[in-house]
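This is the structure I want to talk about, given as structure tokens.
As written, the chain order gives the labels A, B, C, D, E and F, with residue 1 at the start of each chain.
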């Protein structure tokens, strides 16, 4: 029995209680903790729609629907893991670099203690802060990025830090090992051919939406596994990877995207990869539908991440 | 020419008139009637979101868009059937067992007279009342259940009657023939492996979402036909079988679901099966989108059921 | 400095952190606590629209906007009070009497320890459980009820416990002193004249909406003070007291209601009354507007209640 | 006991059954009927927002909340009146003059039989058809019009029939007695001074919003009574008379309007006037809020009209 | 460098400025212009839901998200084309034939000058006016129509001009070459078998939804190319071709439709066809979701059309 | 006849055309222009809800409903004024000081040419940039500020520039003459008594909501006129001055606010004051209702400002 696990929804209804992720206890500790879910309610990096600052609240709200057993991976999560809701990183709305610093600092104790962070965004600019925190511990990282946009633009409006630029910044700062980066799902109108070429010049493997359809899901999984190998890797999921029909509540929706079932299949294919940190970003509740489908989807993405972690604990005994 | 048929929407606009299902006459009779559409506006069985009590109203509203000819089955419904909107079963909000009793009684005259009921829910707990009414006439029934959840949990919060438990109760009451039950579409986080095993222990054929994808739609249809055979069968459709992108207005949405086109194909494969009653449940208008897509979808599901009935009348002459 | 007080929103943004009421600590203790805010997410008593089970979540969400100083009463709340978010009472959706029992039990330790509870509903049927808990400590109570409906009907659909009947049940159970009950704001179509007469026969002072307009706000305040006097009193605020333009997210809206400014003036007039418990009920987020104005209003109503308590501590030194 | 009266909502929940106005029987008869509520789901006359064709459905839906006793007028409606939901007038979307003809014809049997029609719009252009039907029986009518706009413009886009012109057309056709016409509530930006002067030149009494505030509600009531006197009069209520805060779901909202309580007071002051027909128009559900406050308000306006009729039956014995 | 091209969204944020299509200059000229995007905000032809008059505004709003490079077709649009937002055609709400005349006249200078029009609807009845304008220049046209409905009904409510009849009218007026017409995507309940047969009798190739699924997307593209050949052709896209999950904001949604990715693949297959005019119709913003996904999708459809035009300029040098 | 004036909505429907403010021409010139409406779509200064960057678009959209004659002031605006939509100031989302600089520069040519700017926000932090631009021309300004918050906090989260601090910054920069500043409408929970005292220490006249109610509207108008006198003055209107029932689409709503009619009366009382610039801020469309009442209200506020300008031209002949 782990130290920290969710309230039982067969005993107390899921709509009761202060909303924490998956009804986990809200405790800011690293002792006896395997994973920590935390919010990064920051959206000053957004270049079009804003409001991702309310993303963590919405994802927590819908995460009450999550249950502890993962059928496809056949894993009872809390037989293997202890987890907490670690609260939100401090952020300073309107001030990007300040916020990066605070998010980075907030993540340090987790990495130090070997607790895997699962960050709920926030706009995708936050991934730079997360990569800084993770790379300080693990060195240059591999990256699996599901996203409609590569986020490798150089600047927006003459500025370096926005939600369209973090991956480029991360390369410049040496946080990523370009040959171990794979970007999946890019689509939509581009500014110019360079938008994709850029990433390839960094050594990234870029699988645009048409590539994904050509390879098939199993092919994509295979490609990802080959690119990232066995070394420490970051898994970043921008919810706009999924089509706006499934995820309308996002900041830069692009039509022609993927279904939630396809996303699940991709994530479930990533068992055993050495992920050291995860995030799911770009949920904007004020654009979500009445049923909050986008937040529910993001909660499920985070749950798949946790299940991957549990799977590894269950099946790779020596790992820790 | 049947006695009861819809208003002609080429003559009077579909947005006129008191809303009945498919613009059928609202008559509470069994004389000269082949099928009766009725509401069961009950939602006290819901364990998470509530509001299915307004489901029948919303489905009726959107059903004004239905027209009488089914292209794929090549059947002009009202060449073969006479149908009415039979109104709503009396229910007692807040009192489950009382409501079951009243729904059951309300259905009796229909079964007695050989009128096929098509019930618009309401939360899925109502299926227990419907099964009681149908089994009293036909004995233990086969069941085709499209649903994201098996609804075979034993109890919720220490209570036996909720929308998560009716199928188990039905087995305990002898209303179902377990070997003739097929459940299709289960997915989402579970409490434990037992959640699915339970149903298999009852003799059910359980095709979880991954099974459906592995078998293909034709394979699923084939499996269903084999399980239920030719004896009296109930067809129950929980709208959450379909993905929340298509059906956001529901109480317990689970991502990774099916499309409306897939649902149509499955339903259209069920021609000739001896269905004695139908329902479509778990439409919650207060969570639906502005276009009321979920209610429209549920109206179409009910329409597929009516078309199946018409197909049988057209193609299996001896049947009545 | 009190032991428990809110996070400072000039330091950490109001949209960060797990949502508790007014950003208070979530602690289930009675030690060093003056007031406790708690949810009663129950809505099985609702006879029309449902969904108040999500009321506490929504009110907590919007309560992040509250600040600690009350200008009109000139009171810095946390100079005088220590307060916590005490979480939600356990409830059993679908089972009224069970839920009453659990809510009552959950409130006992608070009353025993002299902690003033402020309950966030839930449908208004919960007030019966709250009155039971309060009367066990204090004996028959006075009541100030702001509401569009008197809630003294005898039964609905042949049943005794719904959100239209709790005040009558409370009289029958001896929880209220009828001469010390004042109901304010009744309006809307009625079933019959008896609907109001009933309450007057119990000895209640009933100020229907037209009476309020005739008396003026100061006159109403004066009348309330005279009726309830100095003995222990319960303050219950059904959000439908306020017009649906201001509070659309409620279960039984009645047009022709009061403004939020009028409600504030009435509440601010009640300084010094010996209130032993408070609630604010009938917030249904699924019917609220995008700006969640109803939840914001309910959060402000609860804040006025806390401010009344603080005012008493500041100005009536001997009281505790 | 009247022949036709509503279902009892203390016995069967208000959310059950096919939606008719106020849960009245849906019967197209004039025998034993005092008033008939009917829809005119037409909106081709709208010059800005459209969608009033769904107004009758929405008003019927929310009218389930109405109860039979009117406290302020002290009248039990169905002690004095028998009423039905008469369904919807046939209309031809896209064809104004055709629709006028059909609405007019649909109303004839009611006027002939002395049944008072209460029409649910539809855009306000329909009032011309209604006036034609009423004037054919009663001769030139008095008119009490609550509205943000006078609707006396000559033409829009070179055409004579829109929702901005019906009152002028009615004058030209001799359906109104200009000296017995009173328009109340005009406000908002105008095209030119002539917009108001026009109406005054017809002999109308025009009380713009500022006049209403200057006179006070009692003064307005007095003025109306003086203008219309005792002869046959039409009461037309455009929901945009009320401020968009209370009635957002309308086609041409104008800020600075009246509250629902003010509207109630005005209507309640009109007891005893010889109204021969009523309507409430311009409800656009697709612009209403989630709580459907506008439709609820319109249902209440219609209910006030019915109560005025009942009051007259109760208090003026000889009248029929 | 073309004369007219969009504002650069890497320099000025996409949410700034008066909303024109794709941030193109708003200029009503044909000089130095290759394509012109214009609105036809007309919806009097709608037989069910209305509000497409606000379609052009919504599509323009979301088109701010479009960027100038098309990856799949590998074309930088403004290397090959100069384009403007040409404003809206004058229309007369409530008057169909008048509006047809005005739209037709508004399009004349464009066809005369060889500027390709891309019309944003409006309900689909406008296509008749557009076909008149295009056929006057080019003679009887080929037509590629993506749509859930064939729009070849004879009349609605006894009238000839509605959004269900324009294609039939166009045949009767000799604007189309029936053998060069292909309709793709018809589905949903029909009135009778004749609904489809009608079109086939005109010589049309009709690929109903089931045909599309049987042929596969490549097969459909092949069929279209064969039918329309190399002569002047019109491309009309009714947004209800796409499933309501992706395009909820439309007037006559039909479940079981296509995804946005499928639509993209079909459109991208039509390179090189001699399209002389395009439209995208039936976007109803008041039924769209908060994220305005339908408008975004329609903007992308228009963008695919522009890219087809650019592809032709890039790859077929002799064409102009 | 002025050079620039709106399209005539009796000739072309208000829902046609590219959306400019009040259907004015979109021209970036100062020649022959009296007033210019422009957007400042900036919201990085927001400390709670974000999204005001879409405010100008929404206000422009709803401003199509404005007409040119002001009845209460009896002024035909375009008999006296020529006006344009001047487009949006360039802003840099995420970078406050940069954006201030750009807004300031964008306003310079207007002030230089004597064109009165009417700025549509944007969060209220933009007022600092506007004051800089206006004070450069006119010296320290008087200020009439309608607002729920004084915006004189010193800092938020350790930073100086947010939407809670601009008025304090303006004092520090010498842009305001403190004795000629009047703030009207402050209400809601405060951090501490100092929040109001601060402003008074600057010499401001602060009329909190209770003061407004005590003085009456005429008293407030009188007080404003006395404070600002005849010298150059800025009029800034934060839409949250008005109650969230009327203006739900705003960033920091406070209950207990004013009605739109009260706001109109206050604005109409300010005739003749020497206003040199105006703004209306804090409209957040993603929190507005379906009817966009908040944007409509803001459009009306801007229209009152324009009418004040026209009134002055009409009645004070020597002024320019």
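The criterion applied here is as follows: a residue touches a chain if its C-beta (ideal position, glycine included) is under 8 Å from a C-beta of that chain, and two chains touch if they have at least 3 such contacts.
The structure displayed is predicted, hence computed values, not measured ones.
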item	value
Third chains touching both chain F and chain A	C, E
Shared chain contacts [chain A and chain D, defined touch]	B, C, E, F
Same-site or different-site touching of chain A by its copy chain B, using the half cut	different
Chain B onto chain D, rotation angle from CA fit, given as a multiple of 5 degrees	180
Chain D-chain F separation of Cα centroids, rounded to whole Å	38
Between chain B and chain C, centroid-to-centroid distance (C-alpha), Å	41
Whole-Å gap separating chain C and chain E, where each centre is the average of the chain's CA atoms	55
Touching two or more other chains - residue numbers and ranges from chain A	12-13, 15, 47, 53-54, 92-93, 157-158, 243, 245, 286-287, 289-290
Interchain pairs in contact, sorted by label	A-B, A-C, A-E, A-F, B-C, B-D, B-E, C-D, C-F, D-E, D-F, E-F
Chain C partner contacts - residues on chain B that touch it in the complex	43-47, 49-51, 53-54, 92-96, 98, 157-159, 161-162, 286-287
Chain B residues within the chain D interface of the complex	12-13, 15-20, 26, 39, 41, 53-54, 57, 60-61, 85, 87-93, 286, 290
Complex contacts: residues of chain A adjacent to chain B	9-15, 64-72, 74, 76, 243, 245-246, 259-261, 264, 289-291, 293, 296-297, 300, 303
Residue numbers on chain B that touch chain A, as the complex places them	47-49, 153, 155-157, 187-193, 195-196, 208-210, 213, 243-245, 248-250, 252-257, 286-289
